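Lettered A, B, C and D in written order, each chain numbered from 1.
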Amino acid sequence: MNLALVFDLLLALMLLWSAWRALAAPNATRAVVMFIVFGLFLTLAWGRLDAPDIALAEAAIGAGLTGALLLDAVRTLGESAGADAGGARSPWRWPVLAFSPLLAVILVVAVLEAPQQLVDLPAVVERNMGLSGVTHPVTAVLLNFRGYDTLLEVAVLLAALFGLLALAQGAASAATRESFLLHTLARLATPPMIVVAGYLLWAGAHQPGGAFQAAAVLAAAAVLLHLAGLLPAWVAPGRLLRLGLAGGLLVFLAVAILPLAHAPLLTYPPAWAGALILLVETALTVSLGLVLAGLFLFLSGRSLRDEETR
Amino acid sequence: MPDSAREFFSAVFLVIGAFFYLAGTVGLLRFPDVYTRLHALTKADNLGLGFLVLGLAVQAESLAAALKLLLIWPLTLAASATVGYLIARRARALGISPWLRPEDR
Amino acid sequence: MTGLELPLALFLMLNLIAALFRVARGPTAADRMLAALLFGTTGVGMLLLLAYAGGHPSLVDVALVLALLAAIAGAAFAGRAWTKESDDA
Amino acid sequence: MSTGLLYALAGVLLFVMGMAGAIIMAGALRKILAFNIMGSGAFLVLVGLAQRDGIPDPVPQAMVLTGIVVAVASTALALALARRLAADGDEER
């Protein structure tokens, strides 16, 4: 019996089961806890799929950000917000439940019958690696071959944060004094988190890692400091914070536009590519770290209950 | 250390680690209340992962790789101690009373 | 590589599946969270085993990140989410 | 069956499950969870299908990597919307 296949099958079943429980659990806390478990299984699945870059991002975001965001939302939205249980009242319930298995069968057949790719992308990437300025293929795709995707994606992240800022209302709660133990842990864990973020940023050029994973770890450090009462929630961004939030996108844009005089957008001269990628990644790490931290820190504590108590 | 000895120690430590994971899981399933289950959980964190990391560090190719592995352990220790304390404190604040032996009730 | 890594990873996976029983049973929200935390530690262990079982060596980095952030969900749970109402139903 | 194909099939089922949940579920928080599950399913299909021959493909991996970061940003935005909706609903009452 092939042990790896057994492992994969069990993991796939656990993915489906935890997703199912996250949807069907009778109250919000349970649903969120199951969703955190789902994220863990997903991290393992990325590991099995030879995608350590994604596993790193999933681990950092799932454990550091999504969990805290959703658990905070459980408190502020209230346990029973919007008749959370099961959703038995939707008029679409039966049609959707009847149609879903059919759709699943169609999609499964489509996946099984999917034609081979016309272009052998891994080979194309492999051939062009010499021009990319880095030796890790995922980083080469992310910041060189498909750089414009990443550029726009950074803009999308910033737009999401702006949207969130426009919606946030009510006073953010002040940081509460948490227990001495959590305090100490946050103080002890933050320096290694920053070191690990720096390591991931540096490693991205030749092995899995890079700006996104490093930024997620930095944001997680901010979340931990806030939970420990060492970092107050953000109310409105001051000038320095605004510069920090937008800086990564601005640096990326500048690097993208500069070669326009004699080449298309985002074509780095191969000799400079490595240095330019490191520059962009460093700026992105700081900026995205602030953006991702902002997603939690601007939201934290602005709640229904604050409205009620006023 | 010769390779065969390294493999032997590695295997022994890995199996001990797996045993403590099993112990943690059994405790989580069989213990009567939150407080005792916390105790079971931290066995998996402290000893299970500890021995597992040790077992892998023995067979690591370089000192740096072994040190990276060994760094994971104290991080998990600190996290599990803190979270264990926070959950126990919260449980008390919510008025969950600890389980007592029938004769002590 | 001792050849034990993959079988042990599978063993830990079976352990997790047993622990799911606690997630399903509760009774308090904390019991579910404890199981989730056990999943975290076991996940770290499995990633390390997979890394040494011939998988990608940087899975060790993933395990390191997971271990580094292990306290966050638990702290958010104890500090924010767990209230009397979480244990109903 | 290759590892890639196995997870692509799991991804299909997660996608359908998430989609059904996003339509049926009543609570905002559940809808957000359902959307996330749907997205994770799509990510698994994207990477798994490209790697069904067992060769890692960096192109979908890079896309999914950024996709995960965008997913958490949209989750946060959705949670902010849900809070605003809940707060406004309270004022009207």
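As a convention for this text, a residue touches a chain if its C-beta (ideal position, glycine included) is under 8 Å from a C-beta of that chain, and two chains touch if they have at least 3 such contacts.
Since we're looking at a predicted model, the values are computed, not measured.
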Selected interface, B-C versus A-B, where C-beta contact pairs are more numerous: B-C
Computed distance of Cα centres, chain B from chain A, in Å: 28
Centre-of-Cα separation between chain C and chain B, whole angstrom: 11
Interchain centroid distance [CA atoms averaged], chain A/chain C, Å: 19
Touching two or more other chains - residues of chain C: 16, 33, 35, 64, 68, 70-71, 75, 77, 79, 82-83
Residues within chain B bordering two or more other chains: 71, 75, 78-79, 82, 86, 89
Sites on chain A at which at least two other chains make contact: 4, 28, 32, 48, 50, 74, 78, 85, 182, 185, 189, 192
Pairs of chains found to touch, sorted by chain label: A-B, A-C, A-D, B-C
Residues of chain C touching chain B in the complex: 1-2, 4-5, 8, 11-12, 15-16, 18-19, 21-22, 28, 30-31, 33-35, 37-38, 41-42, 44-45, 48-49, 52, 57, 60, 63-64, 67-68, 70-71, 74-75, 77-79, 82-84
Residues of chain A defined as touching chain B within the complex: 179, 181-182, 184-185, 188-189, 192
In the complex, chain B residues that touch chain A: 71, 75, 78-79, 81-82, 85-86, 89
Complex contact set, residues of chain A against chain C: 3-4, 6-7, 10-11, 14, 17, 21, 26-30, 32-34, 36-37, 40, 43-44, 47-48, 50, 52, 55-56, 59-60, 63-64, 67-68, 71-72, 74-75, 78-80, 85, 178, 182, 185, 189, 192-193, 196, 200, 203, 207-209, 213, 217, 220, 223-224, 227-228
Residues of chain D that touch chain A when the two form their complex: 1, 3-10, 12-21, 23-30, 33-34, 36-37, 40, 43-45, 47-51, 55-59, 61-66, 68-70, 72-77, 79-84, 86-87, 90-91
